[in-house]
Structures are given as C-alpha cells and as structure tokens.
C-alpha cells in the first residue's frame, strides 16, 4: 500500500458506519424453547421451530423483547409504540426457513446516540436503529482450503439457529478524520461495556456474542457528499476494527487517487496482515422482499413497561466514572490508574465499607493488583473482599498495625486464615505501644548506641531515627514507632 | 403488463427454481393474464386505506424465557438427504452470506 | 349391515360405542374395508395403515372396557389431510417435494385427535401444497368425486371431503385458505367448516398462506362437524395467532330448534352471472327454509367482495412464496442433482424445479413478483389495503345481520381436466369463499341439495368468534332439508 495515511487525510474525509450484532444471553432462543447455549453436540438444541420444519410456528421470547428495549434505552433511543417482525427473504443453507425473521421498517428502537471518548475528545455517534432478529446456523466448509472457495461440501449445525440477536446500526459518523479508526474501536468498546452493564450478553467477540461489520467511505474534503462505502466483515476484535478501518481508508484513497471508483461490496478482514479483500460480488440485487411476518403479532410495549425497564438501567459508565472521580477527589492520573487496573468496582465497594478513597486506591492498585497478576486472576477473584480491605485500613488508622504489618495481615486473609482481626491475633501482629513492653527494648538499644544517645542528649533529635529503627527491628516491626520515639526522647532529654 | 420470458427467468432465479426456457416462455403469458386480473386492486384502495393487519387484533404475544425439550439429534436429522457426524451435509456453498 | 354402520353419523357411532353396542374395532374394520373397496377408483387416501388403525381401535375399546370415561368421538375413525404433520404417516402435502417424508413431530390438531381417542386411519389427498380447487394438482393423481368419478371433488381438500362423502370415514380434518374445506364440501354434498382464524391451531399444518390458513372439520352432519371442531379447537401456545378463549358450545348450537330472532343477510354480489341456475335455485330454496324456521332475511351489499379474489391471488402467492422457500433439498424432502460437483445453489434450483408442480411454480413466481422491489406497493401493498376494505364490509354487514349467506361456489363439480389449462377459471371457484379467509371470520358450507344430480353447497358466514351461529343455521337447515328429501342425500354406487 503506497498511500500515506496522514497524506490521504489532506484530501479525503472518512465516513464511518458500524453495524454491531449482540447475541443475547437469554436462556432460550428467540422463537422457541431450545436452549441458547454455547457448545453442545451438533443439532441437539433444535426443534421443529428453529429447524424450520414444515408446519412449525414461531413464538416471541418476551425476555428478548425486554432486553431489546433496555438496550434501546441505554442507547438513548426512542422505543416504538407499535412494531412488527418482518421476513427478510433470501436463500442460504445456514438459514432453515430461507428467510430470516427480523425487523424491517419498524425497528423496536430508533433515533438514539452515544458519546465516545478518544484521546480526550468526545465524539457523538448517532444510532439509527436497534432491532431484533434471529441468528443462523453454523456451516463448516470441508474441502481443500477450509475456506468457502474450494470447499467440497459443507456440514451444518443448527444449534445456533434462532438465537436472539440485536442489531445496532449507526448513522454515518463524519468528522472523525484521522481518528476514524479509533472512534470505530471506541464505539464498539463502549457498546461492549454497556451490554455488560445491562447484563444482556456475554459480549465476547472471540466467541461471536458481539460481532461488528465496519462500513467505510471516503469523500473529497469539503465535498459534502458521502462516497461509495464498503462493508468489512469478519472483524473479530477491537484491534481488528481499528486496523480494518485504517486499511480501508488507505485502500480506497489509493483507488480514488488513481482516478478509479470504489466498488460497493462486502469485504473480508484478514487477521494475519490487517488487510481486506473483496468477497464474491452479489448477483441478486439484494431484493429481500420484506413483508410483515404473518405468524407473529405486533409488539406494542406500553409506556408503563418502558418506564419500568428504564428504572432498571445501570448508570451510564461515563457518568459513573465522572461521579466517582469527583467524589473521591482523585487527579486524572490517579483515577486512570484505578480504571486501568480494573479496580473501579472494588475501590467503590471498599470506600462504601468505610475506607478513605486514597487508602482504598493504594491497596487495590498496588499491593492487590500485583497479587492478582501473580495469580493470573481478576481482582474480584482474589480471596479478599473490599470489606476486609477496609477493615485492614481501619486497623492501620487505629494504630493497631502499621503499614508493614498490614501487608502481613493481608497475606493472612488471602491465605484463608480468617478476618483481619483474627489474623492479627493469631499471628500476633499487634503493634506494641505499651511502655512497659517497649521500655526494655528501648533501654537495650540506647545502651548499645552510646554515641547516638549522646547526640540526642545534645539536642540532635533527628538522630533518634536510627535508634527507632533498631527498636523496630528488635520488636520485629511490631512497635508503635511514634511511641518508641517518645520513650527514647524522654529517656535522653 | 408485458411480462417476458426473461422476466420469468429472473424471478425464477430469485426463487431458486431452475425453470426451463420452455417453461419461462409458457409461464409468461399465463402470469400476465393473472397479473392483469389482479391489477385492479391497485385502483381500489388509495394510500389512505390502512393495510390490514391481523383478523383478530392481538399484540404482545410472548412466551416466557424457559428452556423446553428439543428434538434428539437423530430426530433432527431424520429427514436429511445427507448427513455426516451429526451435521446436515450439503453441497459446496458458492455464494457468501 | 356394514352399509348401515357406515352411513351413521359420528355422533350416533359414538353413542353406540359408549353404550357398548359397537366396538371401535368393528367400526374401524368396516371403514378400512370401504376404503379398500373404493380407494383404487377414487384415490382418496394417499396412505392408510390398517394394522396401526386396528391396534389403536382396540386400545380405545380396552380403555372403555376398563371403565374409563371417554369423549363423544372416542373410537371414531378419521382421515387427516396430508398437510398435517403426523409422526406415524408420511406428510407429503400432495407433492413430490415431500414424498415419503415422515415428520418428527405431530401437529397440535393431530395430537388433540389422538388425545380424544379418534382413530387416524390415514392421510387424504390434496392439491399440491394446498394450491387448487380440484385436487388435480396432486403429484399422486387426482381424487375423484364419489358422486361422479369423472368430476373433481373440489380442492385443495378434495380427499377429506370425498372420504366423508363416500362413507370411508365419518369424519375428516382439512385446511381452508381460500375455500379448501368449504368448496369440496359443497361439491361433494358434505359439511365443511372454516373456523374463525385462530380458532384451531396451525402448529404442524404445513403453511401455505399464513394469514389465511385455518384447519377445520369435514363431516356429513352439522352436529358431527361441531363435535370435531370442539375436539380440535382451542388455545395453543405454539401458535401466536391462537385465540385464548374457551371453545364455545358448538354442539349445542347445532341442535338449535329454530332460527327465531336470527337476521340473515344475502350477499348481493354473490349471485347473478357466472352462477349456475341450479346452484342459485338450491340457494334460494335453502334461504326459504331458513325463513320458514323463523329467520329474518334481508339483502346486504358488500362491494369490496368483488375485489377479494384478485387481492387474495396476490396475498396468498406472496406468503406462500416465502413459506415454500424452505423446500430446498438441504434438510429434508427431495434433493435433486447432487452429483458431488454441483454447488448448493444449483442443487436448490434443480430440486425446486423437480419437486414443485406447475401450479406451485406459477404461484411462487407471482408471489415473488408481488413482493419484489418496485412492485410491492402496487401488488402486495394494495392487496392488503383491499383486505382492510373487505374487513370493513363484513363489520358493516354484521352490524345489520347475524350471519351472511351465499352459494358456496358458483357451479357444481366440473369435469376433471376441464379447467386445468385456464388458471383464472379455476380460481373463480373460490369467489364466494375467499372473503372469509381475508377477514378471518367463521364460515361453513352445508349441503343444499342437488342440481342435475350433483351437490350444491350453502355458505353461512358469521363474525369472528361467533362460530356457534354457523352450526345453529347449519343444523336447522339440515333438518329442514332432510325432512324435505326424506333423509340425507348420498352418492350412488359407493355402498355395497
């Protein structure tokens, strides 16, 4: 590719369009009671309905409708007062009825928006629609290359046929300029976070529960029109989205620079080198002959139901972050550290359990993040709870333990020795501040360091530090340092 | 109307039916007659007339999100013209999804 | 003796069995013998399983002997149109596409028949995928009218009607999309009912036109049809269009003494040119019988009905073109041309060319056209608007009258082969029956006598959910006419 990325941006502006399919995590399929489960022996989660057997009839999964509405609301969409499912008619062996039951001109959610942040700048992405549809089966091509061309035959498993999907379509995103690839990535990442927060999908791109098709077109800068777009499929990770968009921008620029025209087509993304290649050109001019699905009744969510569902929405992630950062008074750097460690949730809970935010941050982002990495687990999976972390900090605040001892307490809790207070007791980690107990050690250290003692008597109070250190060592760190200092100075004044 | 044999062939392709040339030639005038007789519908009802929905107006017919019994793999494949290892075996697929 | 048994109504047979005066085995044996005698000539049943039927009959007899309370139709043999899924018989829909295909599940209607103890003896012939008015498009040959075997028995459910008309079985189940139960009923002198749309579950009925299809009973008497509809009707969660209300007392309605207080509307548009004089005479006589029974008769105009036929022949092909797309040779049924080198697309094309008959292809092409980009508004869209107008006409009519009546079909049974080369002439047979499918209301055909020795049907239409009115009119009419005739009319040459 000879086109320089920065250079092409002096001539062209990109317009981005993203179509994301979210596989819902309902227990059963969209139109039948077969299990919506990943894995399983082929064709064991099928019934007359999802197999499209003659005579079968669909019945809508109410939970899928509920999830669709919640997704629409989270995307700031309007929810249709009345809508229908429609048949999208085309032939393909992974579709049991040779039509997909989807929604056409009556999507359940429409006219929404989200905001994504890239490098500190906010981009608004308009959502054209979110609608319900069903997934197809899975065809495995058997032949020489394992790819569709060159296959001798195909084997089809319909376990996935009929799984509920929500398709989310953006309006063309313009004005992202050089940031288009990152905006695309950030948008999908944002959707993923939203779906997780809503609890409607596993959104695992590598498993296919979140799929993305990236549309891209270029237009000469200032032309005001939209160029011819291509649709790139098979982008299976956030990183791939970014790479695919960038590649298409360069490729299309090269075509246009040479005076050619971009072909409107579907392209495939190649993981290995980040390139896209043309798919087979479509022969039927995509005439899907849509008509309202006669076997299903209209879906008319009452405004009361929509309001009820609105109340179940989680706080939008960006809003939550803003609120917490402000509440805790963290600097951007400190807050970013929390977010990047994935510690937002646990820090929030630790604060709720009574710890100061800074202390909570300190424990989770440093000490505990390290332990989690070592054990290769998520922070939430460590054998210590936010409540327990707060309890440890409370012990430090009370002077019962110092910082060094606190780490040992944490060790104990992680090792399953019980609550922090129990660990302190069983391991004898209490800081000693009793004069009698400390006195002997203090006297010993003073006696062992006559020169330093003299200095202190002369008024050089700083010199006490060395003596304190020795007392701490003798007490195996369990001395109350401040008390030790007090005793030393008292004896040597 | 003027439906030609080519039109019929094109519709046949859309409907995945391998019509012979003779069939296309025979069907074209037959379909024309039928289409002429039904063309009157477009004059009868203007856009102000709503399209009929269902005979019995119902809405929000849903089922609970509960798993029910599926067919066994054997039952699912019982009519299959060809199968392999629990899957439906079909000829090579040329078009792309 | 056998003839006496075979001509009894299902209700009577049920009573005899309940009283221990007859066993299901005896009755089933008699029906099987009748089928064996007549089926080679009439081609009514596509599949019969005598052993299984007798085993089923014996099982019902055993339950009864053990003192179990059984329903009024328990032990009665029945035929099922071959587009209902049955796990113990192939379900061919009269097509090469599904020749030999045995479904892995039972239609809800079939399950209800079994639960009620009826004995399913076999599957009856039909026009291919229910497309037709004569049962001539069946891949397995035409069925012949028991009244004159050179004539059609009507369609698409000619098999079910002929089975009942020729005393092979007292009851049969059919499906009606544009008249496929009622018109065969009319031309075979039997009762055929299309319940309110959603009144009987379509789960397991191979779909033709989803918004128009409705399963229904075929019988020789109004009471029998009512008994059967009470068995097969009712809410089914597998069918989203299923009406969630209890089945009304149809049997009680069929025993109504008179029609006092009933307002009957004659559809003005369904008479005149195109209707055989004999058909119109029988119709008028039947109307007079209703009047004599106490009904008030008026004429009602339903102008949109004139457009029902063209609108139907756009909506129905459109829906069926989509419903029949699944038949592609990939998962079940016929697969043609898979030589290992051809692609899936080619095999689909060849399979569908090979598996579908001429009429099926015609309608799939029309339907594809009516839905295609650029033509949707002019064809499918317009037809759905006309449908609104038809529904409006019914609403207006039913504000004035309780039922509407008309001849069921403009002519008596035509000759086999007579209309095959002229599709439009074939479609005209559905002229009077189609509006009820379009609006979804209940409608039935009752025997109204003969014209030149061939049966004429009287159609009664009632508002949605008011199926009981059909049976009230049908029962009264039946008793009045049979009194006039000295008993039910039956074809000659079918009973030994």
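Just a few scattered comments:
Per-chain numbering from 1; labels A, B and C assigned in written order.
The rule is short, and it goes like this: a residue touches a chain if its C-beta (ideal position, glycine included) is under 8 Å from a C-beta of that chain, and two chains touch if they have at least 3 such contacts.
Predicted, not measured: the structure shown is a model, and the values here were computed from it.
Of all chains shown, B has the CA centroid lying nearest to the centroid of every protein CA atom.
Distance between Cα centroids is largest for the pairing of chain B with A. Chain geometry summary: the mean Cα position of chain B and that of chain C are 24 Å apart.
Averaging Cα coordinates per chain places chain A and chain B 41 Å apart. Each chain gets one centre point, the mean of its Cα atoms, and the points for chain A and chain C are 57 Å apart. Residue numbers of chain B whose C-beta contacts span two or more other chains: 13-14, 16, 54, 58, 61, 63, 71, 76, 88, 90-95. Shown for chain A are the residues in touch with two or more other chains, namely 48, 51, 59-60, 91, 93, 98, 152-154, 156, 287, 294, 296-297. Residues of chain C found to touch two or more other chains are 103-105, 211, 237, 240-241, 325, 328, 330-332, 340, 344-345, 348, 368, 372. Residues 48, 51-60, 87, 89, 91, 93, 96-99, 152-154, 156, 285, 287, 289-291, 294-297 of chain A are the ones that touch chain C when the two sit in their complex. Residues of chain C touching chain A in their complex: 83-85, 91, 93, 98, 103-105, 107, 202-207, 209-211, 237-241, 318-319, 322, 325-328, 330-332, 340, 344-345, 348, 368, 371-373, 376, 380. Partner chain A is touched in their complex by these residues of chain B: 13-14, 16, 53-54, 58-73, 76-77, 84-97.
Taken in their complex, chain A has these residues touching chain B: 26-28, 32-35, 41-48, 51, 59-65, 82, 91-94, 98, 136, 139-141, 143, 148-149, 151-158, 266, 279-280, 282-284, 287, 292, 294, 296-301. Residue ranges on chain C touching chain B, taken from their complex, read 101-105, 196-198, 211, 237, 240-241, 243, 304, 307, 310-311, 313-314, 321, 325, 328-335, 338, 340, 342-350, 352-353, 356, 361-362, 364-366, 368-369, 372, 377-379, 381-391, 423-424, 438-441, 464-465.
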